[in-house]
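Two complexes are shown next, each including chain A; its partner changes from chain B in the first to chain C in the second.
Moving on, here comes the complex of A and B:
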């Protein structure tokens, strides 16, 4: 019976492969179920107010995520402010301006950046970015720009939102840059050549043809970069200063959701409600990443198809 | 208008079209400036790659010797003497365990996606995989803790151990292997598969004799990229397999934890000891060596595959 089936059709083969597919679905359901199940006590106890409660007081069992959400979004937004122009420039350079024989090599360099592990970025930040901020940038801002809100320097220590943002920006750059490059490469070459033949400069071609044609893909890249920046953990833990306060300036120290999880989750499991609140923080991260990735994927699908760029698989 | 008037006066046909020369000059200058900014952006983006390698090497070079990668950490604080053998062995454990889960699962479902299944169901599975790639690694770590490590409640009760850490990393690696295997099979010329099927082969026979051979390079690339991705992971290991300065006694339970290069770096950089910071930088060089070797090996394999395809 079985042999007949095996020879005749691929039922057995298909059955075995579908077990593997079932495994994939199981993995996805496991992560979602575990996070939902273990965060349920906190969700039912604190309700939606968890999102805007500022206290995080384990002994009194009052938990609210507002401080960490604020820190996470500050780091993410500032990182994107640095990363977007940089990666647009890189994408445009690689696709439009770069000499042909160097293009492959330069692309590999940017993709190597994507493969560097997050802890290595963290160490680089601690030993390079932080001293640089402490020695040059913070004293400069302190003496010249201290009247501008968000730019005041209170403690000249180097660690803080800005240090974390700079490093996260470099981790996000390869994603946005390579998706920008792929979107620009999807512009029909004949249109660009036509414009060049009519006497347009490269800048005209980029401004009037390439960017209008590929802006959706660039949005998609930015959305995926946002998703990556929100969940960044180890580099941020090492750089942000780890103080549960809402920073008033970009030089201030703060705390992000992922950093608080990395630092305190193993202590939290002794108290059920504490652990549950931490898992609820993870739930926020999970939901943000799922929503962001669904949106980003839908945007990208229309521009560059289902093509995955190498940079999307980060180095942890 | 001035140029047209000029033509009327002189009758020189080169001056017929009203060309505004200063306008063209300005355009060219703007183009140059844009070129400059784009190149500057590239240099700024490429700078960390070189500076990370350079700064790690400058600080850690005096520890980079055979002794460093062939001895266990000793001394006080632990690691002040000796090397990082525990972490290299531990990484081997974790990669093997993760691969045992992710390679069959990933290749199997990658083949399913490209050979069987309906359009709609496949696009959902593909979506799930892409979503899993986007899930932050710290969330995977928490899931791994509750499924594998915790000693209370539901779960496998492996404790903080290589098995728990490795399986969690395997969960991270699976969607990567799946998607890249599917792409590798898609890159095979359709005529290969259709030819086999037209000769009466079943899909299993076609897979065995054509697809696996033709997609071998792509599948290897998928596995290497998966390993590359998990080798630098730290956040999931925080909750599933913390760290071990010695060699593990097993892969589960107490004593089952292993060292890990990324974890070692993370722990050393937290210590208030200069010598451990130097050692962390030396370990960064070792980790980057592994990562870049895998990266370049992966590229070589996929480049060679393309070349071999071109030959036929």
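Moving on, here comes the complex of A and C:
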């Protein structure tokens, strides 16, 4: 039996707070347990082949996740291809070149961007990115680059993998950019001064000192951005075209795990195996996000949280 | 101006010892509303060691940073007056800051090796100044490490990370790095502040030896050290140069009461 001393108000307060914390752990465990429990029928029926089965046919009760996994990773990777250079550029500019009075302003803008609800981003994408792709980009690629695999335009509707990727990229940029900025800020000034005092230009300092010093932090930021992109739902639902096919081109329509869950889970409950298959999709997403977040946070903690210790460079 | 490809270490120029290397004229430096340096006038002779003394916040480090234009990066700062290096104002528009800093090396308060190998640290300056000849770089790195008294300790681990060295070794590495570009002036900002007595003694011996090759300007708050190694000493207080003279006179017959108070530890 737990012996509690409640003599002081302080102890009581501490006790109540620890119940809250315990509650959070309980919620986390409940989520994992429920997802595992309800996905079990699908896991036992389809086995590991669920991951590479392309069919998703509720009437015939054949379920495979391959199309959604493919869509999810295509959107994530293309979004990162756009977001990484843009974010690094923004982070480097803010930390190394930006005048002080503008730095605060830009930092606030980036934080605001990170706080915009994803459905708003989705709506914006439908109103701007989709028509832009349909009117200009897709016709251009259709007439000039149709011989390149993955760049063929078949439908020319604007919606699809690329539209979703562009909008997800904008949602990921604030994460990677602000972590890049913070990682660069953690580079000791005296080390940068040392290089400047030798006649290095600012570009030399960024290339030879700042980036090598902070690459772990930036790497962690990219992993967190990856996590965000993998799980992004509403904006993708609005833009990707929502068809369970493996896209043959970045202009093709597709589906992601999160998008199919958002669109169909409420209907899926009519059939136990349909519902269970969808819960298994949720399980895949949960595992991927958990793993990515654990890796990303670990990397970041060692850099920003734990200070840039000289020891980590030791023994080279 | 000496060329990066030559080596001071091989061509000692004792003959023109009394020539003036750096002359500072009416130097004023302010940061925002804060007037950090007030009307500084002094000169440094070739191949001499000069120590700038003063309590914390007196402007001595800022002064040092005006000599290689490191203050260029301080936002909101303003500088007037002249700093003549070999008779040429380093603040005139035609001066190439990159070449200036090649010629005026700097060693910092705490060791600041780059996140690179020992070899790459010393070769860094050569690399950024566009030297590509590998043989030349290898020879220069070895020579500089030898002159910094570090070569024997690191010759078997040149390609290990510089952070694997001790603090004293790191500071000697930074000195080797600073002389690799063949400067004629070395600026040192309290180079022994964070070192233990043994490492400090090694660095001080190096400095005494180095004046054959370089004009050395050291910022320090350590009076005993200054007396031991420097030919000239200056005393800064609240951004003003109170006194500047040969070290012998400076320490035995200070002209200003405030200098006397400082060197007898009354601050």
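Things worth noting here:
The definition used in the following text is that the second predicted complex is superposed on the first by the 291 of 316 C-alpha atoms of A that agree within 3 Å, B and C clash if a C-alpha of one lies under 4 Å from a C-alpha of the other, contacts with A are read in each partner's own complex, and residues count from 1 in each chain.
The working rule: contacts are C-beta pairs under 8 Å (C-beta built on N, C-alpha and C of every residue); 3 or more make two chains touch, one makes a residue touch a chain.
Please read all numbers here as calculations on a predicted model, not as lab measurements.
Judged by the touch definition given at the top, the superposed model places A:90 against chain B, while chain C stays out of reach.
When both complexes are overlaid on chain A, the residue A:201 reaches chain B and chain C alike. By the document's definition of touching, of the two partners only chain B reaches A:177; chain C does not. Once the two complexes are overlaid on the shared chain, A:123 sits against chain B while remaining clear of chain C.
By the touch criterion defined above, A:209 lies against chain C but remains apart from chain B after alignment on the C-alpha atoms of chain A. By the touch criterion stated above, A:265 is placed in contact with chain B alone, chain C being left untouched. After superposition on the shared chain, chain A has more residues touched by B, the comparison being chain B against chain C. In the superposition on chain A, contact of A:188 is made with chain C only, not with chain B. In the superposition on chain A, contact of A:77 is made with neither chain B nor chain C.
The contact surfaces that chain B and chain C form on chain A in the two complexes overlap at residues 201, 204, 310, 313-316.
Against chain A, the residues of chain B that register as touching in their complex are 27-28, 30-31, 34-35, 37-42, 44-46, 48-49, 51-52, 55-56, 59, 104-105, 107-109, 111-113, 115-117, 125-143, 145-147, 150, 171, 174-176, 178-180, 183, 202-204, 207, 225, 228-235, 238-239, 242, 262, 265-266, 269, 277, 280-281, 284, 287-288, 291-292, 295, 299. If you check the complex, the residues on chain A that touch chain B are 6-10, 12-14, 16-21, 23-25, 27-28, 30-31, 34-35, 38, 85-90, 92-94, 96-98, 106, 108-113, 115-124, 126-128, 170, 173-174, 177, 201-204, 206, 224, 227-228, 230-234, 238, 258, 261-262, 265-266, 269, 278-279, 282, 285-286, 289-290, 292-294, 297, 306, 308, 310, 312-316. Those residues of chain C that touch chain A in the shared complex are 68, 70, 73, 75, 97-102, 105-106, 108-110, 112-117, 124-125, 128-129, 159-164, 174, 177-178, 181. Touching chain C in their complex are the following residues of chain A: 99-100, 188, 190-191, 193-201, 204, 208-209, 212-213, 310-311, 313-316.
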